[in-house]
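Which chain is which? They are A, B, C, D, E and F, in the order written, and residues in each are numbered from 1.
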Amino acid sequence: MKRVEAIVRPERLEDIVENMEALGHSGITVTQVEGHGRQKGIVEQFRGKEYKLMFIPKVKIEAVVKDELVEKIIDAIVSTAFTGNVGDGKIFVSNVEDAVRVRTKDRGVAAV
Amino acid sequence: MKRFLRATLTASLLTLPLLAFGQDAAPAPAPVLNSGDTAWMMTSTALVLLMTIPGLALFYGGMVRRKNILSTMYYSMGSAMVVTVTWVAIQYSLAFSGDNGGVIGNLDKMFLHGVGRDSLTYLVPENVYSMFQLMFAIITVALISGAVVERMSITAWLVFSGLWSILVYTPLAHMVWGGGWLSAFDAKDSIGAFFGVPKMNALDFAGGLVVHVSSGVSALVLVLLMGPRVRYGKDPIIPNNISFTFIGAGLLWVGWFGFNAGSALASNGLAGSAFMVTHVAAAVAALVWVLIEYVHHKKPTLIGASTGVVAGLVAITPASGYVDVTGAFVIGASVAIVSYLFVAFVKKVLKYDDSLDAFGVHAVGGTVGALLTGVFANPAIGYYFDGATGAAGGLYGNWTQLGIQALSVLVAIVVSIVGTLICYGLVSLVTKVRVEPQEEVIGLDLTQHGEKQGDR
Amino acid sequence: MKRFLRATLTASLLTLPLLAFGQDAAPAPAPVLNSGDTAWMMTSTALVLLMTIPGLALFYGGMVRRKNILSTMYYSMGSAMVVTVTWVAIQYSLAFSGDNGGVIGNLDKMFLHGVGRDSLTYLVPENVYSMFQLMFAIITVALISGAVVERMSITAWLVFSGLWSILVYTPLAHMVWGGGWLSAFDAKDSIGAFFGVPKMNALDFAGGLVVHVSSGVSALVLVLLMGPRVRYGKDPIIPNNISFTFIGAGLLWVGWFGFNAGSALASNGLAGSAFMVTHVAAAVAALVWVLIEYVHHKKPTLIGASTGVVAGLVAITPASGYVDVTGAFVIGASVAIVSYLFVAFVKKVLKYDDSLDAFGVHAVGGTVGALLTGVFANPAIGYYFDGATGAAGGLYGNWTQLGIQALSVLVAIVVSIVGTLICYGLVSLVTKVRVEPQEEVIGLDLTQHGEKQGDR
Amino acid sequence: MKRFLRATLTASLLTLPLLAFGQDAAPAPAPVLNSGDTAWMMTSTALVLLMTIPGLALFYGGMVRRKNILSTMYYSMGSAMVVTVTWVAIQYSLAFSGDNGGVIGNLDKMFLHGVGRDSLTYLVPENVYSMFQLMFAIITVALISGAVVERMSITAWLVFSGLWSILVYTPLAHMVWGGGWLSAFDAKDSIGAFFGVPKMNALDFAGGLVVHVSSGVSALVLVLLMGPRVRYGKDPIIPNNISFTFIGAGLLWVGWFGFNAGSALASNGLAGSAFMVTHVAAAVAALVWVLIEYVHHKKPTLIGASTGVVAGLVAITPASGYVDVTGAFVIGASVAIVSYLFVAFVKKVLKYDDSLDAFGVHAVGGTVGALLTGVFANPAIGYYFDGATGAAGGLYGNWTQLGIQALSVLVAIVVSIVGTLICYGLVSLVTKVRVEPQEEVIGLDLTQHGEKQGDR
Amino acid sequence: MKRVEAIVRPERLEDIVENMEALGHSGITVTQVEGHGRQKGIVEQFRGKEYKLMFIPKVKIEAVVKDELVEKIIDAIVSTAFTGNVGDGKIFVSNVEDAVRVRTKDRGVAAV
Amino acid sequence: MKRVEAIVRPERLEDIVENMEALGHSGITVTQVEGHGRQKGIVEQFRGKEYKLMFIPKVKIEAVVKDELVEKIIDAIVSTAFTGNVGDGKIFVSNVEDAVRVRTKDRGVAAV
């Protein structure tokens, strides 16, 4: 099992999740995060002053998936998250050793 | 609203002691400012501003998505800023000074020219009267914004506010309250005579036509011109802060006492009657709305109750100076049913994106109220514009009134449609009306205003 | 509240010019509406609605957990909707029309029958008077909800609101303000005579008994019947929005001027005096509460200051038309001390879950105020119900008044306990009073209303 | 504010019927309470409290960081609690009873001694007048807090509130409104005579000097004494809730009608005129502020519009009883330009940390308004303190008035600087003024009050 | 060291943490997240319309624990998070290579 | 590539990120979390009662970095996050197998 973790623009969230579901994977956890990267910060104004914010709102989409699904999931995310502008986001893949479904006490891949 | 005799009656009561001395030959004494009336009118004026800022801004602001809350509030704020200037500059004069063909006034009182510290309208300072009327003009424009939130450019909105208020609101206000055709008892020189309807006597105590039908219909026109929001119907659009909507509804409710009872332009029995029916209709409409929700979805919602209150207030507005408690019950219950049908079913079928139901609540509610005024107007309560005759609806033997009310709604609809089309055209000439789709997706707060509601 | 002579005095001042002409044989002139009094009463009525919607809804809504904020606000809204209808239908008449045995009125004014545009109560339109009284009825029920938030079913609440208002509020209002036994100067035909206490003369200017003791005691009864919230005492229950609570307290403070000074039913010196003591008692109570917090926990809290303000306002309510600035200081300071002891210590010891301290603030505060009225009532300020005699407390030689006050508190407590038990029983017959534990855990907003406060 | 003749005029109108009977030899009749004036003054008093609680608390609270929102609101609440007590105890008397050297009153009315139910000030109860004035005292102190939020200890603030109100506000209020040197027509025994300026006649209708210059200047003094916030200028300080700031601005706007039109102390034409110019100046200032933002940053902000409104209201305050609609336009536009320059540029250059621009908005706005009153005062509207002479500015041939206005601003500045230095010194003796840097970093809500705004 | 990550119903949070602490493990980090899975979405109403929300509020409980504690922690979580209904949640286990306690600069298992 | 994950006091956030950036690493994701550990809970008051909160606001700073940068990043975080008091926080290091930059479709270390 791998954890696929994508940090993307908030406005793409719904579409990405729909695409992932279309691949047959339904378990997904979403977190509101703030990103700092190459993307130029958002400029906010306050009484004639401009503030460049250090952090930009992003969402983190996490899914633990069967190994064979990893590339498909990545493709699904990339194709929907892509706009071509700085700030489109990143995907990280890491290993997951075990999983448990609380309701059934299933372990391992069966629990994903 | 604005009946002559009513004022005169009050005045004569006050001056009774003087008159009692048989000044038979003397001319009628000049009206003297009544401090109680003035106190109530200043209070009412403040209350009607409270309805918009922050009332309506909260009511609307709570229902949009978080990324657009400030933008939504800004529409209300923008109307207040712009319309204050245009009103003082020309609109007050055009609405309430003189008459041209029953359609519009003159420019004699531009920039409140000639309105001095001691000028009176009825028994209150004309300065206060002009501000009271201004607050109505402000909220009317702001109401429209409910339909175009989350997509209309703020620059376009500011320009539109001024134009619409001049082109649509001003003639309607004049026709209904400024002595123009719709309210005139027998307007021989008016446009009405031209169309063969010189006698109108339409009843609109506090703005069913002038405020609610006009804003609601214009909202729908704008929606049809501008199209729905990006991804409308695909993503659920979840209110960012229902408490704000509820607070807004509460401030509207409280402020509406100024709106309706203030429209008596005096602190008297008519004001008291308007106060009572206003409250009763609001509560009844909310209760009926809630009961429908119980039946329809099992769960009564806070937005539902809030919407019900507002719908009730809208519908009682034209009737508030004419009907008694029976009228209030029927009007409150009717508007809840009809408005619910519109926002829950008709909108879904017709698929237009009237974001916060400016049409479904205000045009529909204003129409329901205007028509039922023609049924329930009780001559023991209100007067026609001439102030001499009690205003009677169908239940009191005058079914013609219902026809007159229907015709006046029609006039308001036509003026609103034509006027809004012209305004839209003019605005399009100077700026783009809608923000870019990308800006809409990011949200208008950041893209139009460079601000975010909160730190998280 | 509602003293006859006061009104008459004002009237006679106004009609002085007429009288001055020696109309010796003429009958007393019919009272003439006073526009200043009317302006103030309409303003006060609007202010008292503001106290509930959105004031109290915010005050309470801010203190519960996020999952229940809308539900908590809905209780207030629900009371407003339901009680408006029951009030207009029968309650106004039962409270303020006629008298049966000093306990209840008659049904002559059902649906405001006979209340016309020109009907007056004292010198204000009866329509306004009936609405002013209605707003009191609304907030009284809404206050109770503070004890049962986060667990009472909304359906049960809506039914309870109407029942309780009819069975508990209406007789109390009649007994104290409607000319019933508790206020009557010498009520020979009343229930009081039956019990051997025909003369009561209890003082309750704006509702210490009728509003605060009744709601606070009934709240406690409900709490004991319904039991504590799931996991009460285990999980800390952290307010979801303390700013809301503070805003609510602010609106209550502002609105309370309408509540207390409005209870003069005129815009006169008595109203001015009530206005002053109301403000002073509120600020003093807040300050004392804050000082106690400094001693007790080192840190003065915003909820503490807000609670102190409300406690001060509660306690001055029955006294506001009778005491001077000294009374205001003592009442403000006393209630802060006693109420703090209740919410911080007594509740902990007795382990009942009065979620937002409806009992600790309102029953306790109302009792403190009612009793101290019997001490500080200054005959240079207020009148007994007959309007002819200045109302004197112990400090002015009339210690009997303290006994009368204590007895009247007792009566209010008994009526509240018995009435609430009956209401609870009736509600249980038609619907379950409490939501399921699972629904309580998820939150009432979603399970009862299908709504969530915000988008996150 | 507080002109004698104005009141007398109203009184004589009311008593006209009596006088008409040629009571030539009779003494002037005792003034009779006017119920309309009283209604308006009670309403105004409530509105001015609304401006602070919750108005200003929201306006300020929304602009700080989330960790300090409750603390920021607490400053306003604290002023209300403390100043109510000091005001009733000694300040009302020192400001409005008697005169010593044109600088301060006496202690005859300590604890409202001698202020009975029927005492009148002009035609309203003195109880109401004393409360109206108190609400001004409360908001003035609260305004200062805008400069020191996010770092001043609450204990220090509570002590400072009382001291400052006594040492700075009270003498200024006396000098300008209590019959002291600055307003006196010809004050031979006053400090003015000592300095060779016995005749002042400064115009300050509702508090340009007394409220805004004093609070704004004192705020700057405090800022300079206390230093900037930790990491000021390094971290962006993002408002935690811009909606709150907007709601606050809205409540300030609505409440300001009580502030300015209430300062007529009557419900009459002057009040009406003040009402109108107040609204116009607010809207014009907001609009001009927005236009500057369009030019400067392309994006009009909601905080900008809100700030513009407040700046306009501040500037029209001293002028509101003297100028006509032209004055309102010019004052509104001027203050927007000057204030914008201050908050956007001057502050950046001078590098002081006036957190929420108490100086840039209030001192600057108050000064602009006070000076322009000397230009635009129209003798057809307002009166000098003696009530007999119309107050004329430069445009009406009396350019001396501009000099008088400048001198009075200077006096207010000097009193504020000296007084604030003394207060700061005294506070430092009893407690530390600023919280520890570590507490500042964690936030004042938790460290000073043991509370958090929300559950997340 | 392993990272044990549990995505569970928000209302079970306090109990779960108490149970974990009872096992002698105190370091825990909690994140508010939104989950998408088999659980039927929450239905919200807005003026007569019903919206089925794509995401359901959940909490993520993360604890980096000594290897030997993993199974006990899992048991503790499962036993408290279990209701038997869809939406009870999942637990994922993955490897952690190093840990640092900032205050003491301890490294490795000692820092957990 | 390693994921370096630091749970620290919110008030140190800006400084830490600045320090990390100074090392040449710009991609950072920040999450608001709540921590439970040795740090004594925050005490909140409500009408004369004191509540000890189970959880304390913290921020989680996540950065996926090249292997050779790990120690430097840790040092940068520790030096800025350190106050010496309980609650300074922890850093965890784990392995990341792959990375994707959505905008360019770069994979692996190049995407970090």
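Convention: a contact is a pair of C-beta atoms (placed from the backbone, for glycine too) under 8 Å apart; a residue touches a chain by one contact, two chains touch by 3 or more.
Because the structure is predicted, anything quoted here is derived from the model rather than measured.
Touch-path distance (fewest steps) from subunit D to subunit E is 2. Chains touching both subunit A and subunit C: B, D, E, F. Contact tally for C-F versus A-F: the pair with more C-beta pairs in contact is A-F. Taking the mean of the C-alpha atoms as each chain's centre, subunit A and subunit E sit 18 Å apart.
The mean-CA centres of subunit D and subunit F are about 47 angstrom from one another, to the nearest whole unit.
Between subunit B and subunit E the centroid-to-centroid distance comes to 53 Å (mean Cα coordinates, whole Å).
Counting only residues that touch two or more partner chains, subunit C has 17, 34-37, 39-40, 43, 238-239, 241, 267, 297, 299, 301, 303, 449-452, 456.
In subunit A, the residues that touch at least two other chains are 14, 31-32, 44-45, 50, 54, 94-95.
Taken as a graph of touching chains, this assembly fits none of the simple shapes: it is neither a line, a ring, a star nor a complete graph. Interchain contacts (touch definition given at top) occur between A-B, A-D, A-E, A-F, B-C, B-D, B-E, C-D, C-E, C-F, D-F, E-F. Partner subunit A is touched in their complex by these residues of subunit B: 234-235, 441-442, 446, 449-452. Against subunit F, the residues of subunit C that register as touching in their complex are 236-239, 293, 296-297, 299, 301, 303-304, 307, 340, 343-345, 348, 357.
Those residues of subunit D that touch subunit C in the complex are listed here as 17-18, 21, 32-40, 42-43, 45-46, 49-50, 53-54, 57-58, 61, 69-70, 73-74, 77-78, 80-82, 84-85, 88, 111-112, 115-119, 124-128, 130-131, 134, 154, 241, 244, 267, 448-456. On the subunit E side of its complex with subunit F, the touching residues are 1, 3, 14, 17, 21, 26-31, 64, 94-103, 105, 111-112. Those residues of subunit E that touch subunit B in the complex are listed here as 44-54.
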